């Protein structure tokens, strides 16, 4: 399959190249960057020097297009291209939300192609696998690949949400800096970040929109599931480059036991190629560079609360890897193709 | 005042030396370390080489003793020395808990000097200042200096607790590795810690005991304040050396407004020399090396929850600095003596 | 090919597993660790949990054995096994030095199998490729895989050494902590390492022996090449986990120009699959997780000195990856098999 | 003494505030920043929030002015102010070099006040103490406070240079990122810096000019001291915020012994309040936050070379602290006033 990566000069673009060059069924036929003119890829990504790829402003013909762009850019670009029969995997937020009204509310722009939102699939394969597979027959396949925080959060909570067990919910997340992109900003300088931690996004990080949308969809009876609306999600920036850890503090809506939780999670994720339910609290370094997600669930008898902790690499399972996983499903390829690298540790 | 530091070879001992050598009213007359024999302090703490101090097994006579020892050690040592009229500032947990039954429950040992617990003061000056001052007249002055996590947590929550506003409480804390001490352990190696984050202490970190004790004491009507018992406190280890950030997610027990919260915190901490209520979320690096605590309080209108975030340097306000602050009060010295250093940044 | 990894519980063992599980011609048939009894690999390496491998004390039959052991251990083990026709790739120092007298001098032990040293090949493919290929016909194939520092240093200097251009030589190297292994040591704790740098190995790091041996072999006329003996090599520990950067300061023995140096290095490394001569000073992060080595050579007109800088990932090109590269050559496999992963950045 | 800090919004400005607020003889009467209008200092330096200081465009009257400005800015500003009798401590390079021709060569600008260079003193107290003291009687006192790299390098080499022992010299330096200032730049982002190291300034870092000037001045017979011209100085950026380690590889010009070196360094630095000659290789973390410099000297019998290693905190002894030390001397204050803080470790 011939693929193009649009927005190749960011961290996510770089990660797509890293993974897709090793994908057995893929040939990268173009890297697109605004205003670039046959610029060697190493000008922005020295780690990719040996690929010999160049970044250009032109978009060649392809079977699939990965879009790694700021919000609003894909929404403006896709409609004009959609007629071509190409599949689009958008790694930005422009096709994640089903309700067009969420765009002005959370992202500050009116969606210019609201009519396409209904057909776009939220590309979290563990929740929407069959819909992704069904896209193969759609005239235009559009995948809205999830945000990094929603990926970690939803995978942690999906089994509880489906069971209607989320009675009260606090999600306290910790992320490395690569989630903020590679543009130079004062508060992402090494001197500011190292030996420091801070919360950000108080009052409502944009990823809350996805989290609430998907939690609500999982819980058939929203009234019984206060977790699905007004989710208290708070991210923190910690001094590392890759990785997200989401700590979910859940007051159960019903009676639970540790054994029951173990069963619930085992059955939810049994057979999932990238999800492991683990018996001890995972660290982000256990999954660095891989498409894996590890989840630990624990009932705290003393407080009565359920703690669910999940870890991912925000640039892989939280971005490029997950997009490729969805791409594989849409194109009838093995779901794990190109994604079998083990984590890099230490 | 002549002071002795017992347990001088750990991180807290080192920090006591760093601060007390600059204290205008103090002379360090001895550093005590088990099995040491006139060992230059730089053998364990190269940063202190210029002090010329030595670590020895013998304890000289002194006006005050700072104990920085593993749990159980101070409890065994203090009774024998208490007759001497010396003041004891214990930086371990042995004199923090008022209920002797908490020791076997949380620390796994029966307290050998339970009769002294009633007279010991929990050394958080912002909550127990007058009791610390009153110790000047006690035959034996014993201060149980607070743990690092309880310091950050209690300073964040005290105004809400006193007002009976804590309806539901999640405390999600992030700490650098120095809180775990300086003994070589596999999971504290650079290769394991850098580029990683993990939760630990699931099921009940020992510091919960202090947090619950003090929250209960602050809220006169415990029944109305579920936050005071069964506190969901979860710490995380992040890749930094110093600093604690405590994120408190509070569902208010009553009606609150942002203006009301601002007033509540301003009046609680107005005039406190080491506490700043700040208008933007603080980072731990804003207080590194200082005795400061910074607190941000925010009502999230969307979720109805109050977010309170506090930051301290775990080795200063969370340990050595706070102990010196209490020492100053007990001995009638200016509360800020020796503690006026500004944070080190970047 | 069935391979066994002996010493599987260290960092190098872990890296061998990471790479060999993706090698198209290899099946890992055993992980061996002293005193282990069917211990899941994730007990020591959580990142490898999904492999399902176990570590055991027994060594099964295999076509090749990778030994990742402390010095002296492989020397004691190989002779007894050598009769079997298995190939041995030793990642420790026991088969790197040709002169048996170097072992007591540099490593403090008398080599128990000195008779095997003559047949062992120093496994730096860029310098000894044909000898490695020829091992295919040897009754016992033993490869002494190079140390991490010698790999970076020799690849940087080989073109100059062959041309007899090394007139005076200083090698100042910087390494992440993973080179020191995963055993818990006080000076490798995060609190000691982060925000710090120090030199170590003053007076002669053990890797000097390899560097001198190979430089001497490259320079036909040792008398004219003072760099080959008494090499001033000084390593530094810096606050990172992976990566080595070697800075070689060379006073040329003859007349050189930048164009001449460019030609010399281009012709030396043209066609090498893992070596890139790059036009700007490389950073270790450009090669993390890959088997690449990048080299920059610059004549400083002002001082008349040549600066050569090389970067590798110490656990890949400096250990596991290089061993696999040699293994491929010995077994007639494509040299790059299993080693085509791109660097992980950021 | 009333002092003003011009260029208060950078890292060096912040460090001057941190130290001078604790100086017993100093009152900060103004912080000056271009285009600022009574901006609270915490807008750029949150760590200084408790000082209550503001940054303004206006410069009030003062007894001394600290200038922390980009090169060229102080040279343009000082002449107009010099008539006032104020003392100027310039922390930039504008008054470090005695030969006006060095400015176009190394910094790319013609010095607009070349006539002042002759009277300016290079503010390294350990080399120019008496000249700094003598400035008290000068009509205009101008101190060119040394760069961070020259400070570490010159303190390491001065005893050897004075003794005419530098036969061949390589200085390989490692620095944290704060030396590059606080402006947001892509290559200083956490994602680029962490887990990476690189050389920079190949072909001649600007600080070479100072190093060569001062080494030449120390060696009376320059012909016998090739180290004084064409110094091979190469800096590296490592993943930390503060600290410089300079590794000096010296081929001695004459016969030396370890005992002779020990004597040479002991007598050179005996009584110096901020210099320690230490028996083991120092780490930068041993001096963080302090005005100390630690030096280790070792004769490597195997190679015949002398290794001298020095460490400083680049923002203290390499900038703000050293400037205050010179200020103290110029104004007849105790040399250590305001500089007695111990290092912050871990």
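So that you can tell them apart, the chains are marked A, B, C and D in the order they are listed, and the count of residues begins at 1 in each.
Here is the rule we go by: a residue touches a chain if its C-beta (ideal position, glycine included) is under 8 Å from a C-beta of that chain, and two chains touch if they have at least 3 such contacts.
Bear in mind that the values here come from a model prediction, so they are computed numbers and not experimental data.
Participant: Tell me which has more C-beta contacts between its two chains, A-D or A-C.
Facilitator: Pair with more contacting C-beta pairs, A-D versus A-C: A-C.
Participant: Taking each chain's centre as the mean of its Cα atoms, which chain lies farthest from chain D?
Facilitator: A
Participant: Which whole number of Å gives the spacing of the CA centres of chain C and chain D?
Facilitator: 39
Participant: Quick one: report the Å distance separating chain A from chain D, using the average Cα coordinate of each chain.
Facilitator: 47
Participant: Report the inter-centroid distance (CA atoms only) between chain A and chain C in whole Å.
Facilitator: 37
Participant: For chain C, give me the residues that contact two or more of the other chains.
Facilitator: Expected reply: 11, 178, 182, 191-192, 194-195, 239-242, 282-283, 285, 288, 346.
Participant: Give the list of chain A residues in touch with chain D in this complex.
Facilitator: Within the complex, chain A contacts chain D at residues 11, 177-178, 182-186, 188-195, 239-241.
Participant: Can you tell me which positions in chain A touch chain C when the two form their complex?
Facilitator: Per the stated touch rule, the residues are 11, 14, 17-18, 21-22, 45-51, 178, 182, 194-195, 241-242, 276, 278, 282-283, 285-290, 292, 294, 340-346.
Participant: Provide the residue numbers of chain D that touch chain C in the complex, in ascending order.
Facilitator: Residue list for chain D touching chain C: 168, 170, 172, 174, 176, 191-192, 194-200, 202-204, 230-232, 234, 236, 238-243, 245, 247, 249, 251, 281-285, 288, 298, 300-305, 307, 309, 346.
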